[in-house]
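Going in written order, the chains are labelled A, B and C, and every chain counts its residues from 1.
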Amino acid sequence: MANILETKNLTKLFGGIVACNDLSFNVEEGKIKGLIGPNGAGKTTIFNLVTGVYKPTGGEIFFQGKQIGGQQPDRVVKQGITRTFQNIRLFKNLSLLENIVIALDLKHTDYHIFGALVRGLGVRRKEKDLRRQALEYLDIVGLADRPQDRADSLPYGLQRKLEIARALALEPRLLLLDEPAAGMNPEESLGLAQLVRKVKEQFDLTVLLIEHHMDVVMELCDHIVVMNFGEKLAEGTPEEIQNHPAVLEAYLGEDYQRA
Amino acid sequence: MLLQTLVTGLAIGGIYALMAVGYSLVFSIMGFSNWAYGTIIMYGSYIGYYSLTKFGCPFWLALILSMFGGAAICVMNERIAYAPLRKRKAPSLFLMISAMGTAIFLENMVYVMIGAHYYSFPDVFQNQVFDFMGASIGILDLFAIVFSFTAIYALNYFINHTRLGIGIRAVSYDNTVAQINGVNLSWTIGLVFVLSGFLAGISGTFFGMKYMVYPTMGNITNKAFIAAVIGGLGSLPGAVIGGVILGVLESLVSVYVSSTYRDVFSFSFLIVLLIFLPLGLMGKNLEEKV
Amino acid sequence: MWFYIQGILVLAMINIIAVLGVTVFTGFTGLFSLGHAAFIAAGAYTAAILTHFYGVNFYLALAAGGMMAGLLSLVIGIPTLRAKLRSDYFAIATLGFGEAFKMILENMDITQGARGLPGITTYANIWNVGIITVLAIAVTAHFVFSKYGRMAVAAREDYMAAEMMGINLFQVQLRSLFFSAVLAGIAGGLFAHYLGFIQPSLFTGSQSSMLVIAVVTGGMGSISGPILAALLFATIPEALRLANMWRMVTYGAVLVAIMVLRPQGILGYKEITFRGMAGLFRRGKAKPAAASKGALS
């Protein structure tokens, strides 16, 4: 299978700080890849580089074979990469429905400015359609019963699900999830993992996942990349990673003996 | 001719420098532009004027009164219009709007209380000039330059070498950590506004002496802002340099191009700067408090 | 008496048209402008010059005024928005632009400089102004409830999340600016043809501030709020016979009071709909969502 995402010698410097150092890895199309590492390893930096929030200092990023390093975020999204945020960046003051509709606008709302200003029947119909579609996306994550509620009125775990639904509404080929299970208990994490697998199959996606909950990572990921201090530490299948000495040392320290 | 132009520019530059430093102080600490600052400068001017004329104070006393008057208004402004927003961690847009409201309120209070007349300061320095290499410098200008730079030097010393001053610098970097280290945030911010107010009072008086006293002097904030941008917002030395550069440039434009277009030049220069060199000469990149 | 009330209403409606523009730019897109008086002036002068010197049809001249204001907004908007200035820098840039434009008007021949342009035919009356105002409200509402409005709100709420929705911030902001400038320009054209006389000193930074004050007081994120605020500002001082100076003092104090006590303004994110009115009295339950409520019925 082809690589949907590939980084080559990717480097990012913030003044004297090396956030990312000569990092090369790839994500195979149709797989779920995990990106793990201790806090501060540079994982979210990778997401930011891929989605155009940061410009690379060096190296290249290829998406479906095309160079995207340094492009503006909105352009990256239009090409088919979407993400969720570690700190959840929903439109807090807007409703659940509106959050999804804004995402749907990208690929579905094809009327132009004059049409919008006149607001003829075609536009009105399209607006109704958008809301119907948005409800469908809400339904996938189990939030269709209260579409008018404010996004910030949801409990934390449901906010994360909303963010995923929103990212899906953009119809990506590659979905980047930044710690989707953060703050969840084991039962919720399992539910989340099931959700990710379900949407991956339903929408034929590739997923790159940053996560600290090892149970979620081991359950979902076909392949894993481990980072520390901005560099790639190891790469392999879940079994290989679990027993990799360098990985154990990075997470647990030198003196840890595997029981 | 050129020397004269430069000297005039330097004199007004010194006053701009004072304003820019007062403005930058608040910007560095609070992270927002105090739109009401110009009106406080204007109040300083009126206080100076009335002290000299109505109350017959000697000049040095009038200056001190305008300093303290400016400081008082500045602090009250902060307590009433900014502190509640700051405590609520309101977005900087709200602080700006509150500042704008204060500016409108203060400016129009002068209109209703005093009227729109333009007032002239009495001649404190008897219009003396003295000659220097073919250019004549007014004693007023000379005094303004010297006083401005002395005040700025004193402020710089205070900020860098006293405990209170270090507290101010700590707050400008990270106010949570500063508080953990024992800095009283409210008092420190109050102190910053006091200092800012001192500078407003002094620069207002000098400005009034050099030109005239009138309610819309508040528009001078724009000049202070431009000067601060040139030097780099967030940098106090930069504000000084920016003030001087602006004064000199304005003087040059006035004499060699056209005095009507002097302000158009300043604003256009500002816009160009904000687009191409937003950090100015020495500015720090301050993250917007979103 | 009717004539007096008519006068207030016409000026209030002209003001509302300009306020609608600033509502979209500041209230919905979240950008603070202190120079919109320049767009009003551009529209006023363009329309007046066209009818006065070239005998152009009034409505065409209005449209031309709107377009000219729109073009002017691109001149200042493209460089400043590209530069992604933070909000107070941007505000100062717009203020500087407004002042500079006024000075340019004072020194141009075609505008007859600071003396102004007298003798403009007073084509504007309560009927055509009323119709144009209603159209302006409709167009603004359509903008806000369309994808363009949503993109603007997203950009205002969380610019990074908005970019992750494929929204190009620069385009969205420029579009809002253009829209607001065109409305301001049309308001200017109507103003010129109501007053019969214009001069640069009518278009001050104060006027720009008043537009922003109306939007903030009425509620950022609401259309009916700023309209209500504009009406209140036009009528209450007249009813109380407040002298002009005290009016401004009050506005300043009101602005500070709103920011400190009720930053969402009169109507906040809500519109005057029946659901909205009920919301004012509701307590405890999950709050109804913001923005485009009306469109979802």
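Keep this in mind: a contact is a pair of C-beta atoms (placed from the backbone, for glycine too) under 8 Å apart; a residue touches a chain by one contact, two chains touch by 3 or more.
Remember, predicted model here, so these are calculated numbers, not experimental data.
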| item | value |
| --- | --- |
| Where chain A and chain C overlap in contact partners, by chain label | none |
| Geometric centre: closest chain by C-alpha means | C |
| Reference chain C; chain at largest CA-centroid distance | A |
| Chain centre separation (chain A, chain C; CA means) in Å | 39 |
| Euclidean distance of C-alpha centroids - chain B vs chain C, Å | 31 |
| Chain A and chain B: spacing of chain centres that average the CA atoms, whole Å | 48 |
| For the chain C and chain A complex, residues of the former touching the latter | 139, 142-143, 145-148, 150-151, 153-154, 157-158, 160-169, 175, 269, 286-292, 295-296 |
| Parts of chain C lying in touch with chain B, wherever the complex brings them together | 30, 32, 76, 79-80, 82-83, 85-89, 91-93, 95-97, 99-100, 103-104, 107, 205-206, 209, 212-213, 216, 243, 245-246, 248-249, 251-260, 263 |
| Residues of chain A touching chain C in the complex | 51-53, 72-74, 77-78, 82-83, 85, 89-98, 101-103, 105-106, 109, 111, 113, 116-119, 123, 127, 131, 146, 148-150, 153, 166-167, 170 |
| Residue ranges of chain B in contact with chain C within the complex | 32-33, 80-81, 84-85, 90, 92-98, 100-109, 111-112, 219, 222, 225, 229, 260-261, 263-264, 266-268, 270-271, 274-276, 278, 288 |
